[in-house]
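Chain nomenclature is as follows: A, B, C and D, assigned in order of appearance, with residue numbering initiated at 1 for each chain independently.
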Amino acid sequence: MTLPAPLTGVVPPVCTPLTPEYEVDTESLTRLVDHLVGGGVNGLFILGSSSEVAYLPDGHRRTVVDTVVRHVAGQVPVLVGVIDMTTPRVLDHARTALAGGADALVATAPFYTRTHPAEIERHFGELAGRTGAPVFAYDLPVSVHTKLDPELVLRLAADGVLAGLKDSSGDETSFRKVIAGARELPDFSVLTGSETVVDAALAMGAHGAVPGLANVDPQGYVRLYEYARSGDAEKARTEQERLLDLFGMVTAGDPARMGMSSSALGAFKAALHLRGVITCPATAHPQVPLSPAEVEQVRAHLTAAGLL
Amino acid sequence: MTLPAPLTGVVPPVCTPLTPEYEVDTESLTRLVDHLVGGGVNGLFILGSSSEVAYLPDGHRRTVVDTVVRHVAGQVPVLVGVIDMTTPRVLDHARTALAGGADALVATAPFYTRTHPAEIERHFGELAGRTGAPVFAYDLPVSVHTKLDPELVLRLAADGVLAGLKDSSGDETSFRKVIAGARELPDFSVLTGSETVVDAALAMGAHGAVPGLANVDPQGYVRLYEYARSGDAEKARTEQERLLDLFGMVTAGDPARMGMSSSALGAFKAALHLRGVITCPATAHPQVPLSPAEVEQVRAHLTAAGLL
Amino acid sequence: MTLPAPLTGVVPPVCTPLTPEYEVDTESLTRLVDHLVGGGVNGLFILGSSSEVAYLPDGHRRTVVDTVVRHVAGQVPVLVGVIDMTTPRVLDHARTALAGGADALVATAPFYTRTHPAEIERHFGELAGRTGAPVFAYDLPVSVHTKLDPELVLRLAADGVLAGLKDSSGDETSFRKVIAGARELPDFSVLTGSETVVDAALAMGAHGAVPGLANVDPQGYVRLYEYARSGDAEKARTEQERLLDLFGMVTAGDPARMGMSSSALGAFKAALHLRGVITCPATAHPQVPLSPAEVEQVRAHLTAAGLL
Amino acid sequence: MTLPAPLTGVVPPVCTPLTPEYEVDTESLTRLVDHLVGGGVNGLFILGSSSEVAYLPDGHRRTVVDTVVRHVAGQVPVLVGVIDMTTPRVLDHARTALAGGADALVATAPFYTRTHPAEIERHFGELAGRTGAPVFAYDLPVSVHTKLDPELVLRLAADGVLAGLKDSSGDETSFRKVIAGARELPDFSVLTGSETVVDAALAMGAHGAVPGLANVDPQGYVRLYEYARSGDAEKARTEQERLLDLFGMVTAGDPARMGMSSSALGAFKAALHLRGVITCPATAHPQVPLSPAEVEQVRAHLTAAGLL
């Protein structure tokens, strides 16, 4: 399909269900896609951080793209993460994603290596120039360990290099500068990666949201988006606060036993499993699984939110 | 060949020469291997940070392994970096490296994702357990953004999971704890990744060094190692100070125009080009090339060190 | 005066005007107080980061407290920062501030030393317990290098240790958790330290704002607060965006010549000088003064905002 | 007394014994001074991080200076820390220290505020220029959150602004650059703040060491210094490794209950108490005290080191 410009609405970063043997569970993945598209979302972002992209070998990545693109069949646009350390490796992923039918690419700044704004600019420029595809910049300092400069983002947007921004930086001033600057760029899409301040981001003028928690409750985020778009700030806030409570599930895992990825992605998958969407809640190695007691915490959050 | 246990001596992290089209320049790479092996080094570490591994697509990585393993032909052991974000992706690289004839693997803790000591332990355990190959842990917080705990390293060494450590952490107390603990582990190799305190590391009891600058001056580091091994601290210090001055080349690149990777790897490759070892000094995208004036700074360092 | 519970509205962190000899310019300070109180603000926060508290010797701090408390004469509450490294030093400042007539104290977690949540809890507990004064926690990770945990803040609020929070952390989820939790704590005041997302913070339920930029344009922030309180989200957003543009002045200083404190505090003082509120725009040592060209940038921002 | 130029040898950062009421225990402090001077140290550094300077109100600081300067009576030079956020506050401490008889001042770069190399240069320049006293720069990124640039340190040394450097940065290349550059500056003293690589630092050419652990075992560090100065690297290494084991005491405190300052300074004071040097092992608020079981760990380290 043609990507809307700007892309708007709720675009969940789709979890990647795995079998007990850690292969991609394509049946669960298609059920998850139905759960999301049926929930009213406006696009899908596959192979992002919530998809465990950092844990998926290239073969798994290809399977995810093929499965989702074929099953979605143009109902909503499919954005594909091409997460890797530098330009040449990202370009390899981009070619595979586009061959598989991606509607747009999502890329971070270089990581692992020490980088520089001039190199970041060159990186996005090459990615867009060599693929001709719409490119979304993914600002995620917690993983990438650099912050995208808002002036750089706006310059790349004005130059046609970037089609959008997914901002998970938590830097409100930077985010707001991009939103304000994007008023002059009618095709550029500014999306928040937050789960917890989507109402505020939309009220500021963001075009949409990419919340990992939308895997668990797509209808909730779609309602929130609709309330915000129709100017009903009070209802948007109430819905957001319900989702803030639900988001408490991400700390279910004991920090003495596991890291935040194990805990948060483990909780999302446990919730999808408890809701009957996916068959197996396994997360990829070396993540630590949630204990039964921790899964019960996830269940309690779902129950409190009226999702079980 | 069989990997010595413990591995000792100078083990340069081999630069990856590229053609002007950014393909692996296999002829230059074999000349570089001859330059290093002829310079007396005790092993080669390919596909590490100084090899621009973060910038090399999988195809380039395979070419490097095949070229070096075939050309070395067992004269010295070849350690191969399997640098990627998490266990499943690292395992893919490990299988390729071992199929290509790697004598040992070198892996970091997981990165990009938020991790935890229990997950790091599981990561190295799986890598060793599933491949059966000797595994060196690579402690590089500047890239990985976590520090390996010395007690964890020693426990994994005692359990036979790790064959060695390449420590580029700059944490002297941690490094010294591993050296002290390794006295009970006769096969475990403790290597410093420093260019500038190799004499001190060897005096503390480290088994060897993996200095990127040894690409440029392998004889210098081999002399330094021999002086240190024979207990001639004064000569070792003098040689190390000469190499400290030479190492000044890594700041040749203007920090207003480029990052530290562009500057340091650009300088190493410019030096290899000026010394006639490699045909083209290009570094991979999106690194910024050194200007002619910056290359002249590299030349001045080589001249001062008596290498031109 | 008695501190309202909860404290609400606009509470500027008052700049500290200096003479050319770097003494406190008490005449300018009283004019600045009149400028702010006359602008409709709901309280004053003296000796915070925007007051250059880190640069003020104890004698200067005393002069500021005495001057402001006497001049305000109970028109609005005066909160006093007691910024120092640990509990015993903070207690010394607290005694001086309360003797001078402070209505409340504002303190960060310990800094310079490496700390721990249990120590942070003990720190605030002692400060409140030994002084009996209302204590606001100041969450400023950019200076303090730890983040206050929202559960800890709420527990201290429920225990009567904390009267409020000034959140300059930029962590939206944490901030929102405190706002949500504070619904059960009718006396607890949640204030944002942001200049640029005050509309969003108020829409979420924050009680007020402590924006450094309110020194320059108190009326703007008071209007913004009134629009938000009356539910006029659109007008609040428009006013906030005007202030976002005005806030651009903080990058007037060349980052090759000076740090962010020199640039931002230099810009605020230059603006107050250009607006005729203070006599001399000097900032304390070792901050670098703005150049005339940089002051012109500040002037341009004032002109664009209709403030000159 | 006149400060030797360069200052050499072992210069312990003297702990500050407290009474159970958290006043300075001047009797214990003079016993500690005797313990250190009698142990053969070459100078004393009071009011540094190991002195809990961050926790001492100004009154306590004055008491420490007066007590130590009077008791030392010129046997060894007394360096005094003037640790505070910025130049004006540091100057206040400097005046007090010099009035109390300090032989030299020790200052960090500005902290809490965001700073810049140009401001750091100005900071040290003012401190030296306005006091006329010898100034040592204290490089402690773990507390100050910036790293001193080695070229800046050498420039300030050449300009007569700095009399020496206490390097606790853990950046070996930077430290070595300063040592190498200081060969041209015969009066400039380069001291390591490390407890665990003093042998290596001295072998590189450092003039001395400022190890917190020397409070507990001054004789050990004096022996280490003498071995290193006489060129007996093997004995120096053996002594250093004994001290490395002893240094294990700093992790006696449970990290789930307390921070590193509580644990390390608590261990030093517990050791001094167990050795009969000080009367009470209390550490200042809000540090968490060691439990009896944790004190037993400290005792075990002392016993293993032959110090009980």
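The definition used in the following text is that a contact is a pair of C-beta atoms (placed from the backbone, for glycine too) under 8 Å apart; a residue touches a chain by one contact, two chains touch by 3 or more.
Since this is a predicted model, take the numbers as computed values, not measurements.
K.L.:
What is the graph distance from chain A to chain D, where chains are linked when they touch?
P.N.:
Step count on the best path from chain A to chain D: 2.
K.L.:
Could you work out how many touching-chain steps separate chain B from chain C at minimum?
P.N.:
The distance in steps between these two chains is 2.
K.L.:
Provide the C-alpha centroid distance between chain B and chain D, rounded to the nearest whole angstrom.
P.N.:
35
K.L.:
Where in chain A do residues touch two or more other chains at once?
P.N.:
In chain A, no residue touches at least two other chains, as defined above.
K.L.:
Identify every two-chain combination in which the chains touch.
P.N.:
A-B, A-C, B-D, C-D
K.L.:
Please give the residue numbers of chain C that touch chain D in the complex, ascending.
P.N.:
22, 49, 54-58, 60, 83, 85-89, 91-92, 110-116, 118-120, 122-123, 126, 142-145, 255, 257-262, 284-288
K.L.:
Quick check: in the complex, which residue numbers of chain B touch chain D?
P.N.:
By the definition above, chain B touches chain D via 170-173, 176-177, 180, 194-197, 199-200, 203-205, 231, 233, 237, 241, 244-245, 247.
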